[in-house]
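Here is the structure we will look at.
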Amino acid sequence: MRRIVLFIAAAAFAFGGAHAFTLTVATTADAVSLTTHATNDQPSARVMKQIYDTLIVQTEELELEPGLAESWTQIDELTWEFNIRPGVVFHNGDPLTAADVAFTLNSLRNPEIAAPGAFILGFVEDVVVVDDLTVRVLTSAPFAPILAHLSHTATSVLNERVVTEAGEDYGTEVVVGTGPFRFVSWEIASQIVLERNPDWWGGEVLPERVVFRPIVEPSVRAIEVEAGAVDIAYGLELSPRDAMRARANPDLTMAETPTLSTTYVGFNAQKAPFDDVRVRQAINHAVDVEPMIDAILEGFGTAARGPISDMVFGANLDLEPYEYDPELARELLAEAGYPDGFSAMVWTNENPIRIQIAEIMQAQLAEVGINVDVQVLEWSTYLADTAAGAHDMFILGWVSVTGDADYGLYALFHSTQFGTAGNRTFWSHPRVDELLDLGRTEADPQVREAYYFEAQEIIAEEAPWVFLYLLLEVNALQNNVTGFVPHPAGHHRLYNVNKN
Amino acid sequence: MAATETQGVRRSRGARSWSSILRSSPRIAIGGAVLLVIAFAAVFADAISPYPPNQQNLRARLQPPSAEHILGTDHFGRDVLSRIIHGGRVSLQVGFIAVGIALAVGGVMGLLAAFYGRWVDSTVSFVVDVMLALPGFLLALAIVAALGPSLVNVMIAVGIAYIPQFARITRSAVLTVIEMDYVTAARAAGSRDNRIMLRHVVPNSLSPVIVQVTLSLAGAILSAAGLSFLGLGAQPPTAEWGSMLNAARGYIRDAHWAVTYPGVAIVITVLALNMFGDGLRDALDPRRID
Amino acid sequence: MLKYIFRRIILLIPILLGVTVIVFGIMFMTPGDPAILMLGENAPQAELEALRERLGLDQPAYVQYGLWLGRAVQLDFGRSIRSGRPVTREISARLPATLELALLATLLAIAVGVPLGVLSATRPNTAVDHAATVAAFGGLAMPVFWQGLILILLFALVLGWLPPSGRLGGWQYYVLPTITLGTSAIAAITRMTRATMLETLSQDYVRTARSKGLPERSIVYRHALRNALIPVVTVIGLQFGQLLSGAVITETIFSWPGIGRLAVDSIRAKDFPTVQGAVMVFAVMYAVVNLFTDVLYAYLDPRLKTRYS
């Protein structure tokens, strides 16, 4: 009996790499479009990651490795030269050339196209073709995190000819990349089917087919994977109770990863009483994050020590989260001239988890005499009104997608970024401005880190946010699925996933 | 003069007393009794609910029903029964105000259309046709999206979505009444339009409208719950049945009571309203067959 | 009759126009900005303005509507702001899913509602009658999403008989969404069948049949039911509008790729051309079903034929 089992196992192992299988993935929503010209949303990026490649590859450990760019050199402070990997072909057979790369990067920045991911290349002055396999990226100012930005899915390399010929149909009817899978079909709101690209430059692609199924209800997504109808279910942290059940289910394997996102409550630091640092600190002391993590996230999160996720390059791990101390909070409020507390609004969008945070915060702040009303706003109104500074407090999350502190801090705390650009607290600090500018231009990683450490110390002390938590991303797999490594940015690579 | 006319109308409906209606229609009796209980609970919510509805106790989350918490606790350790009792107040309020809006606007539209006919009628009928061509729930959803998610806006949106039905029913009820002799007589006697409308037409066309009110109340409560499901309903921490369901739906598998009981509350209320309204329709229908 | 149908179709045009005006008015009042939704949490002001310009959102509202209407009369409904697909493509990809679901739900409601109504009418004011009434109204009283989740839990997870969600071919995928959507339409059909059956059963020709000693079954099913069903047809038409409302939520729960979900998603994304397209499809479906039931009604009831000629 045992021998038979061993034999079967050996046979499975021997043929494991070659058997044809379809990998079905339950994802959180349908892709909007499969071109970077039209969208920069996560569900689309999750599919585009399989179809396209970027110049630089950011691994699951957030290391930056050669992608379509085989090598690169910094020629001077403002000029970077990239050598394109020779012999790469698009899914339609066209060879990849420097012209395609220049087209990709320049069209993303083109104001007429108004691509949602254009800000990723905000530092670029121009991209020029040197020869068939060489491009130069010229920056308007020294920009240290350039490689991390060129690994962002928004910079996925497009085929100039195909994009131009397909016109407005590109991204929904016609999709051509160089990546491990090629686009087969898209049944809107139902499924997207991809198939193996046998000629992929990056090596063997294991799944014969990948099917993405958008299942919006998180509980239903969990039920799909528990019932064995899909191989992988993404984003179970959106329904933490279901994530907990999946974890306890012996038929499922969990793939959990810390993410690059921080959830926080932002103050309006230019509006009384939040213009007083003691009030901001008092609220940080009055909010108890642990019960939120337990009650709302079922433990799928960790208390934030500062503004950026521990995984991000430049994160200051010496910071300590604010201690829950309602007594101290009351003292600070009294010092600031609010011995009896005050009334304020906390805003959130229609995200159920954020609404729950607001509810618990409401109860906790009442303990120190702060009377909070919760207001739920529609997402774009929420973004517009917080950018206009109409709020007292708001709950948001920030994902440092590039894995670099510049991305996680500059837009949120620099005084030039007030409003829609990202700084919705309207808080600024001359030294933080200086440090963020230095960090952006300094080439030496160690010196950069030092700048960012200091900036985070000031931010933590000055508390323009209530630092809440870092979310875990929770994916559930069938036990026969192997090789799935979740990416902290949420767009997981699937070419190496096997199914036995 | 008015008195005799009213009597005449009563007689035309078959002179059924309330006690005979209740005896012959268990639907009205049972539905009405259940509604009375619900209304009583809603009015005296503060006095009868065992706990404050928003009192959190994160250490007693998702407790199954027990002597302490008869219907268990929700994901914040709040008492489900207390929230259902207070939620009843909110849900009934949403229903009544929404239907009130629909009745006020739709009723006036229908009345004017039937009374004045001609271009007034064709204008109203056109507006009604246009509104009916939009699925009501979608219309309500778009309006809440426009006004912003809040309980008041849900009432307005659901109210607007129900306008065409009231306009239609009022119009046809009034058209029937207007043909009656006493209206013709009043017109011939030179009574002013609004006097005729208020004294003769409105009271005599009420019965189908009353039926529609009870049935629409049921629909409005369900629509509000549906909007809450899509995140467009009551603002937290307000206990409202739909938003209770919505907030707890992630816990349905291991704390079903937080989802089951608010759902049951909706089912019972809506069922009672429908039974009551349906019974009323039969009872008030002159062509009624027993 | 053809003339009548033709007139009804012509009358549909001003109604559709009215629908687009209402939808446009609501969308115009809706705060927020598709450009912000697309660009997200950190969008430099210049980029926002560039995108608004590309999407034509920088134009005054009436100009946007005028431009849209101008193209719509040439049957060009524009492209979705969100995905960039032609609106006609967004809709044609989803229309079959919604039509199937609505049709199956209607059939289910008839298949359950008519027998339930007959049962009630043949035993009026008995326990059977009351039970049937409660059952029918119970279906109407359940919140759609609540019912949907419970069905998924029971049939997909606990029993494992049916897939939890999706529409990937195969009859199994249709069962739960059809039940969820169909139950709410049962009540009206049951009540109408009961009422008309009661009326028919008390009529002279039925009395005559009874006095002739025909078996009760044959009286009920061969003679009375056929006549009683005529008014039920109109109820079915009216219910269809309600079904379309229910489809909005049913499709969300079951990941059903239909127009209801499209409408909700595009309202939330402020995708004006897509909302217009989806709502017009709803209006046309509603009108067509009502026209169909009116014609069927006239066909079934010869007394009415003259009115439509």
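Per-chain numbering from 1; labels A, B and C assigned in written order.
Criterion: contacts are C-beta pairs under 8 Å (C-beta built on N, C-alpha and C of every residue); 3 or more make two chains touch, one makes a residue touch a chain.
Here the structure is a predicted model, which is why all the values come from computation and not from measurement.
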- Reference chain C; chain at largest CA-centroid distance: A
- Task: Averaging the CA atoms per chain, pick out the one whose centre lands closest to the mean of every protein CA shown.
- Result: C
- Note on the structure: Cα centroid separation, chain A vs chain B, in Å, comes to 46
- Task: Determine the centre-to-centre distance between chain B and chain C, using the mean Cα coordinates as centres, and give it in whole Å.
- Result: 22
- Note on the structure: Taking each chain's mean CA coordinate, chain A and chain C are separated, in whole Å, by 39
- Could you say which residues in chain B touch two or more other chains, in rising order? 145, 148, 246, 249, 252-253
- Tell me, which residues of chain A touch at least two other chains? 219, 378, 381
- Query: Where does chain C touch two or more other chains at once, residue-wise?
  - Reply: 31, 149, 153, 252, 268
- Query: For chain B, which residues are in contact with chain A within the complex?
  - Reply: 54, 56, 58, 61, 75-76, 145, 148-149, 231-232, 235-237, 246-247, 249-254
- Note on the structure: Residue positions on chain C within touch of chain B in the complex are 14-16, 18-19, 22-23, 26-27, 29-31, 124-125, 130, 133-134, 137-138, 140-146, 149-150, 153, 187, 191, 195, 198-199, 202, 241-242, 244-246, 248-249, 252, 260, 263-264, 267-268, 275, 279, 282-283, 286-287
- Item | Sites on chain B touched by chain C in the complex | 26-27, 126-127, 129-138, 141-143, 145-148, 218, 222, 225-226, 229-230, 242, 245-246, 249, 252-253, 259, 263, 266-271, 274-275, 278, 282, 287, 289-290
- Task: Can you check the complex and tell me which residues of chain A touch chain C?
- Result: 32-33, 38-41, 111-114, 116, 118-119, 122, 168, 171-172, 187-191, 213-217, 219-220, 223-224, 226-227, 229, 378-381, 383-384, 396, 398, 411, 417, 419-422
- In their shared complex, chain B is touched by residues of chain A numbered 218-219, 239-242, 245, 291, 294-296, 350, 352, 355-356, 358-360, 362-363, 374-378, 381
